[in-house]
Each structure stands twice: as structure tokens, then as C-alpha cells.
Amino acid sequence: MLEILITWIAAFFTLCIFSFLYKDNPIYKFAEHVFVGVSFGYGFVLQYYNVFLPNVWNRMPWEDGGSLFTLIPLILGLLMLTRIFPDIGWISRWPLAVMIGSYAGLQIIGNAQGDLIEQVRANFLPLWTDTFSETIGNWFLVFGTITTLVFFFFSKEHKGVIGHTARVGIWVLMISFGASFGYTVMARVSLLIGRLQFLLEDCLHLM
Amino acid sequence: MLEFLKYLDRRIIFIFIFLSTAIPLLFDIGLPIGSTKPVRDVYDHIEKLPPGSKVLVSCDYDPGSMPELFPMNIAVFKHLFDRGMKVYTTELWPAAPPLVENAWRETGGAMGKKYGTDFVNLGFKSGGEVVIVRMGTSIPELYPEDYYGTRISKIPMMEGIRDIQSFDFIMNISAGYPGTREWVQQIVSRYNMDLASGCTAVSAPEYYAYHQSGQILGLLGGMKSAAEYEKLTGIPSENPPIKARAMKGMDAQSMAHLVIVIFIIIGNVVYFLERKEQKDKR
Amino acid sequence: MKREIPLAITAIFGIFMVAQLFIPHYLVQDISGRLQDWAVVIVAFAYILGVANIIKINSGVICRRGQDWEYKIVMLIALVIMMLSGILLGKDPDDSLPIFDFMYNSMYVPMQSTMFALLAFFIASAAFRAFRARTTEAILLLVTATIVMIGRVSLGEFIWERLPDITEWIMNYPNNAGKRGIKIGASLGAISIGLKVILGIEKSYLGGD
Amino acid sequence: MKNVGRFRSLILFILMTFFLVLPPLYAQEEEGKNFKYEITRDIMKSLNESAEQGDIPENLVVALAPLQGKVFINEQAFRQELVGALGRQLSAQYQSRLVDMSKIRVDWFDMTKITIFIILIAFCGMVLFFSWKAKTDPNQFIRRIPGLDAISEAIGRCTEMGKPVLYVPGIDDMNNIQTIASMVILENVARVIGEYESDLIVPIRPPFVVPVAEEMVKKGYLDAGRPDAFKPENVRFISDEQFAYAAGVNGIMLREKPAANLLLGSFFAESLVIAETGVLAGAIQVAGTANEHQLPFFVAACDYTLIGEEIYAASAYLSKDPELVGSLKGSDWAKVVLSIIMLLGVVLETFGVHFLTEWFFIR
């Protein structure tokens, strides 16, 4: 019984959102606002049960296995809420600084080890292999990457040799954007298929 | 005619897209589904793992990309439980845990596996990269309790799980940020872990670069790959009853692509005719 | 006070995050681990701030009878029901939260999926309107996109059995060349900004005063 | 200048306090942790290698496998457990070896990360060196970036038509480096707009970005000599939800009809929706993001697109600040060096020499 109710309410809201395709209308707006409310409420509850309780509340000094240090993030976290009050809003910069500092540090090491070094290393490819398609591919990969890097030169004007190389670099970029576009179309169509499967199969039992 | 096409109401395009996806869903065409190398790489790697291996499945997605990633999640779970692995899951997206629960009930739960000895859901933590890096140093500190609030010291299969290196293999199901890119950047290079990725088709082209460099050892990109993986792992199956969600959508996928390609061609024909007209005027 | 302390905090956290990669000593590892635990909690509070902000802004709109204020009431009601049903009714796996789960399954899931599904329509109309073969670059983009779109689905295999292999080749080589170039360039850019942030050279994120 | 010196010494002071006070405090709390012995995955790997070379008996490795991941509080407990697990006395030689290997966590430097360390130090050194050098020579060259030149052109057009400029700084929070870059660009855009006397609308998704954006716009107007032109209601928090935000931005595009849309920052699925509405509204669009997957839509729908690293270069380009331009030069040199290394690696690989590849293999 509950299952059927869920399915039909879900179908109702699905159609509400789809109605936007015709044009913006009150039904869509209603659904959209319900969604925003539900999604934030949901997120709040999840943070409460998955972060606040296990990582803060149950580790307070008076709890078993707790520590005094847990008070620090709690206080910093509460300071973040000062953002709501304009007069003392500047205090929220302290916890903000924690976030920015941590992410800046992690981005440095992550980009260095995951993207920079590994990707350069992956281009150490032999220009002569057993199969024709791989050989051509390797040439493409090695010189395509270098021309793209030349496109990203900022301290030299793109003229002469550099200009021509950078132009090839743009072409390589465009091919890779084409691939991304094709894949994105695929992704979006899949999402629509998912919704139609829900409407046709779970609601109307047509499939 | 040219004017009509030039200012074509987008709702007409919408109708075509709707019909091209809905009709193939109702009437089976049965186009072939092959399998590509990145997908086989994932499958072969899991086949090679000895039974009882500890596998971390990080499910970093939400209902927004469910049609692509949920079938993948189901297929991966089924494969892992079929092979008798111990499955641990974590989520970096807040809306993921209920979806993971559903996937567990449909696969492991229906196959008679037990929560706590074959499967554990460690739940959601906010913070993206920070969470991933922390997993590298200590899991009990970061996840003192599982998704249901049970202390992990009371969960049998958590014994011996110290940090990310306690796992034999990581499967990441990723809908964007935080996801595969962050796992690759923070974990793979640093701890030399085996990682495979199942991602939306949007991010797949980017992750091909990681596959070619060997940073991830396999890649499931989008619903097509999910369909390929379903086929490899024997979905649809009777026991446990699992529907083939991705395979069923493949005909519709092809038809919708065809319609979009036709629209791109029409758009360009209109463009060229228009340009010719302007030239003639001059 | 208003600028110096945040800069110092940024520096400490940034330096420890970098240092923990190179220094395996337990002292550095344990401290940076602890700092990471703090960051996880603070990010969670940032989310709560988002919720607080939504309540503040929308209640303001309702009081002023601003644009769409009726809808804002609906939003706040949904928010409050979701929060209260989740937190007050507790969380028990055997007796899963009726209202909370019900609203997740009947509202959150269908609406978020459908919002993303709308993109299928928009992408088709964008493709029709925007993808014109104006220049060499645009032609390259268009041709690749078309090959990939057809070659990556079953239709491609049906038309010509080699087409999936060609698509796979495009993905593995020309596509990777472009992606790799962007990755290397963007990682250099990100590292250099990260460095400036940690050293306090780039401090615009702090705002004024 | 006095101010700067004071603030640096304060930072130093805080850093020192942190380093000096926290560790002892911490160590007290965690006493007993100092003698941690454990068999990590790395140790098992190196044991396996030793066994393959015949350095240690293979059955020893097999017997040790179940102990992987266990932590022992001191050396004695570790030895006892080892002996117990093996069921026989280990020869002293092997015992000392195993204990040595388990102590890896007291090293002050992880030698396996030396490649990353060298490259990171070299790159950061280059960036800092060139930006320092640029201070003495303010005439730094930076190539033309057509998309950025188009910004001032577009702003000029807005002024002529009496229409506002729309600046969308992406949807990510301040912890994304692209948002930080976007804020710096915003300041420069505000300065140009201040000179031209048109309006600037900035719709924002994450609440934390609002005060920063306000500050940037204020500062830009101040630099242009028109601090009175700043209108607080034009820096707008729209909604925290992705598509509600996109809908809000679309509403601004259709209702207030800005003649120029600048979309610079970290964009996701909403990029398509926003850019297409911009086309419909007939505005000049300049977009830029480092999120590769969204670039095709910007390339297709916008007049100019900043690709990847160009968005990081934009702040240097717009402000012409020699220090920033200098740091760009540093990263250009890094690209030259990397390209040369790449070619070298390719040549070596082609002739079957693998040492460079191995040095770069950081796993």
C-alpha cells in the first residue's frame, strides 16, 4: 500500500517538474520549492546522524573514548554560524580559513601526484610499437599533449612556430571537447530514460 | 520553410526527443550489446581477486544520476557477493546512503548475505578530499560508527580495518565532485592502491586519461557500460530477482542519439542555406 | 585580528596537509589526522549554515510579502517536516523512519532525477541551435561528437561492427591528448594558486577590513 | 609596510606556538603511541620481494600474512606475537630485520615521495622566483587572450545600450581554487565597469561567496574612483540548490536583459542551461572554467571561452600586476621543462631505456 502511494506521489512530482518543458508555471514552482526544502532538510538530518553524532557528540570529553580536542572543531563550527549576523560575521573567517587552508594544501599534493607527475609519466610512450593503430595513437598522444601545452603558454605571443603549434593544440582540444560532448549527450539521455522507465514501468506497468 | 526551421520552437525538438526515447522503451528493438575493454578490465580484475577479499565500494552519487549509476552499483554488488567478497561502503554524497541500502537489499540481502559479516555501510561524511585523505591514515578515527550508529568495534568484519591499505581493492561509483578524480589524486598514487571507477558518461572522457595512464585499472562510463557490465555479471537474474535496468534502456539510447544527430545535421543545413542566401543578397 | 588569525590558520592547515604526504613521522601524521577530523566537522557546519541561511532569507521574503512568498512558505514547511521527522523520530534500521524515508523516496528522488532528466531536452535544443560548422574548430568538434554519439551506443555496432573500436581509439588517443594537456596545465595553475593561498600572498577570499 | 611586517611576525609567532605547544600536549594525551609497531602493506610487499630473492624463507612471509595491519604497542609485544604466530623461534637475524622494517613511521622523510618533492619544490621555486624577479622589472609580457579583451569590449557595449553586465562566478564554494580565481577576475571587471559607468549584477549560490564578492565589487569600484556606484542589492544570493540557482540566473537574463554575460568559475550541469538562455537573450557571452566536461557547451554557445588554465591566468592578465604575470611566467617555464622531459622520456622509451619512466613512477 505504502509502495503504491510512494510511486504515485513520485509520479505526480515527476510530471510537475516535466511541466517546465512547456513553460515556467506555478505547478513547477511549487514542486521546485518543495524539492529545495526537502533536500536541505534531508542534508541536515544526514549531517546530524553521520557527522555530528559520531564525530562530535559521542567524542566529547565526558563520553567513553572522547577527548578534549573535540571541543575545538565544535567551537570553530559554531563560530561559522556567526555568518548569519552581519556585525560579528567576520569571526566566521576562522573556520572558513580552516576549509580554505586544508583544501589548498590537499589540492597542491593531489594535483602534483595525481595529475601532474602521473600524467607526464603516462606520456613516456614508445613511438614504434607492434600494432599500427597503437603507433599512430602514441604519436597523437605525445604530440597532441605537447601542442596543447603550447596553447597554454602565456608569456610568448602566439606567432610563427609557436602560433602554428598552438593552433594544432586548439584542434586537439576541440576533438577532445567533441568526445566530451558526445558522452554528455549520452549521460543526459540516460537520465531521461531512467525517468521514462519509472513512469512507464513502475507507474503504468506498460513495459 | 527555412524561416520555420531557423526559429523552430524548442518544444518541437522536445517532442521528438520524448518520442524517440519512449517508443523504443515500449517496443523492444534488440540492438546488440557488446563489451568494451575498460569494462572488461573491471570485470576481469574482480574475477581475479581471491574470495574473501576486502573491497571498499565508495558510492559517491545521488538520485540525479541514478539511471546511470544505480544499475552499475547493483551489478558491481552482485558480482562482488557472487564471488564471496567482503564489501565495505562509504559515501561522500549526502543523498547516497539510502540508494546503497536499496542496492544491498536487492543483491546481498536477497542472496542471504549478512550485514556485519559480508557487508557494512560506513555512511556519509562531508568534506570530499579531506575525508579521502583521512581514510588513508585512520578509518576507526573517521568512522567511529557505521551508518546505523553501531560502534564499529562491535562489527565483526571491521576487525583489522585500520586504514585504506587494509582493503584489497577500491571501486568508486562517482557522479562528479567529490569522486574518482579525488580518489585518484589522494589515494592511488600515494598508497599504490587498485582502484576502478564507475562514473557518469559526463566525466568518463576525463577519466579515460587515468585509465590510459594506469591510475585506474578499469572504467565503467555511463549507462552503456552499465549495460555491458550487467551482461557480464548475468543480469537479469531470477535468483535473486534483479531487473536489467540499463540493458533495457539501450535501444532508447540509440534512437535518441540518432534523433539528436539528425537535429544537428538539420541545424547545419539551415545554417549553410542561410549563409548562401546572405551571400546571394550581397 | 580580523585578517591575521585567518591567515595563520590557513597557513597551519595548508602546511600540515602538504607535510603529511612527505613526513611519515607519527607526530606529523597524528596531528594532521586530527586537523583533518576538524575540517570534516567544520564542513558539516558549513552545511548547517546553508540551512540557517535559507531559513533566514526565505522568512525575510515571507515577512516582506516579497516575490513568490507563497512558495517560500511551502519550502519552509517541507524543510521543517523533513528535519523534525528525521531528528525527533530517531533512526532505527528495523523500524525505519516512516515520514523521513517516505519523503526521500516520494519527493527527493523523483524530483532530483527529473531535474537532471530535463537536461536531455535542453542538450538536444542546444545542439540544434549552437553546434554550427562555423570554423575548422567547430567542424572538428561536431564530427568527433557525432562519431562518438553513434559509435558508443548499440546503433553504431549495428551499422558497422568496427565503429565501436574506432570510437574507443578516439577516446584513448586524441581525446586523452587534449584532456592530458588540460590536466597538466590546470594542475600547474591550481598548485600555484594553492601555494599563494597558503603563503598568504593571495588573500582576497577574506574579503575586506 | 610596517603593517605587513607586524602581521608576518604575528603569523610566525602563531605558527611557532602551534608547533611548540600542541605536540607535547598531544603526546601527553596519546602516551604509549610512541612505540607503535605494525606490519603494513608496504612491509608485506618488501617481504615478498625479499623472499623472491631468497633473502628470507618464503614460509615466513606466509606465516606473517595474518598479522598484517595489527598494531603493537611496544617492541617486546611485537616480538612475542611474531614468535607466537610463527610457532618457532626466529633466528635473531630475521627478528631484527622485521622489527627494523616495522618502524617506518618514525622517519622524518618518506624517500618514496622524493620525485614529488623535487618536482613540487622546483615548480614552486620557479613561480616564486619569477614573481620576485618581476618586481624589479615591471614590464612583463603576457600574450593576448582574446576572450579577456572581449570583456572590456562587451562592457563598452553594455554602457552604450544602457544595460547591465551579468557576472556568474560558478556554483562552487570558496574552497574551490577556481572560485578564488573568479573573485580576483570579478574585482578587475568591477574596476572596468566603474570606469564605464554601467551596472554589474552578481548572482551567487554558496552563501560564503556573497561577502567576498561584495568586497571585490566594492574594491573594484573604489579603484575606478566611483565608490558610490556600488549597489549592495546587485550582489545577490539566489539559492543554494543547483537548478534553482540556474533558474534564478535565467530569470535575470530574461528579465533584466544584460548585454554581456560573463560566466567564469567552476560550473557543472547548469552550464548548458545558463549558456543556452544567454544565446536566446542575445547577449555577448564570455565563459571560462577548468571543469573539462563543461567546456564543450561553453565553446558551442559562447562567443569566447577561457579553457582550463586560462581562467587562472585571467587575473594576471586583467590586473597586469607584475607579480602575478611573473608567476605565470614561472608556470610557462615549468611547461617547457615538462615538455622537454616528456620528449626525452618518449625517445628513451622508444629505444627501450626505462630509467626515467621508473623515476617518474611514484607509486
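For clarity, chains are labelled A, B, C and D in written order, and residue numbers in each chain start from 1.
The working rule: contacts are C-beta pairs under 8 Å (C-beta built on N, C-alpha and C of every residue); 3 or more make two chains touch, one makes a residue touch a chain.
Not measured: the values here are computed from a predicted model.
Taking the mean of C-alpha positions as each chain's centre, the chain lying farthest from the centre of subunit B is D.
Contact tally for B-D versus A-B: the pair with more C-beta pairs in contact is A-B. Here the CA centre of subunit B is 26 Å from the CA centre of subunit D.
Centre-to-centre, using mean CA coordinates, subunit A is 14 Å away from subunit B. One finds 15 Å separating the Cα centroids of subunit C and subunit D. Listed for subunit D are residues 26, 116, 120, 123, 173-174, 177, 207-208, 211, 240, 243, 269, 292-293, 296-297, 299-300, 307-309, 313, 335, 338, 362, each touching two or more other chains. The set of subunit C residues touching two or more other chains comprises 5, 7, 11-12, 17, 21, 29, 34, 36-37, 39-40, 43-44, 46-47, 49-50, 53-54, 91, 104-105, 108-110, 112-113, 115-116, 119-123, 125, 127, 129, 131, 137-138, 141-142, 145-146, 149, 152-153, 171-172, 175-176, 179-180, 182-186, 188, 190-191, 193-195, 197, 205-207. Under the contact definition stated at the top, the residues of subunit A that touch 2 or more other chains are 21, 32, 35-36, 39-40, 42-43, 47, 49, 51, 55, 69, 83, 92, 96, 99-100, 102-104, 106-109, 111-113, 115-123, 141, 145-146, 149, 151-152, 173-174, 176-181, 183-186, 189, 191-192, 194-195.
Taken together, the touching pairs cover every possible pairing of the chains. If you check the complex, the residues on subunit A that touch subunit D are 24, 32, 35-36, 39-40, 67-69, 83, 89, 92, 96, 99-100, 102-104, 107-109, 112-113, 116-118, 120-121, 123-128, 142, 145-146, 149-158, 173-174, 176-178, 180-181, 184. Subunit C meets subunit D in the complex at residues 3-5, 7-8, 11-12, 21-27, 29-31, 34, 46, 49-50, 53-54, 57, 115-116, 119, 122-123, 125-127, 129-131, 137-138, 141, 145, 179, 182-186, 188-197, 200-202, 204-208. Listed in rising order, the residues of subunit D touching subunit C in the complex are 7, 10-11, 14-15, 18, 22-23, 26-27, 30, 33-34, 36, 104-110, 113, 116-117, 120, 123-124, 127-128, 173-174, 177, 180-181, 183-184, 187, 206-208, 211-212, 214-216, 218-219, 237, 240, 243, 269, 272-273, 275-276, 279, 290, 292, 296-297, 299-301, 307-309, 311-313, 323, 327, 330-331, 334-335, 338. Looking at the complex, you find that subunit B touches subunit C at residues 8, 10, 13-14, 16-18, 21, 31-34, 36-37, 62-67, 95, 98, 125-128, 130-131, 133-134, 137-138, 141-142, 148-149, 190, 205-206, 208-209, 212, 224, 250-251, 253-261, 263-264, 266-268, 271-272.
On the side of subunit C, the complex with subunit B involves touching residues 17, 20-21, 29, 32-33, 36-37, 39-40, 43-44, 47, 91-93, 101, 104-105, 108-110, 112-113, 115-116, 120-121, 123-125, 127-129, 131-134, 142, 145-146, 149-150, 152-155, 157-158, 164, 168, 171-172, 175-176, 179-180, 183.
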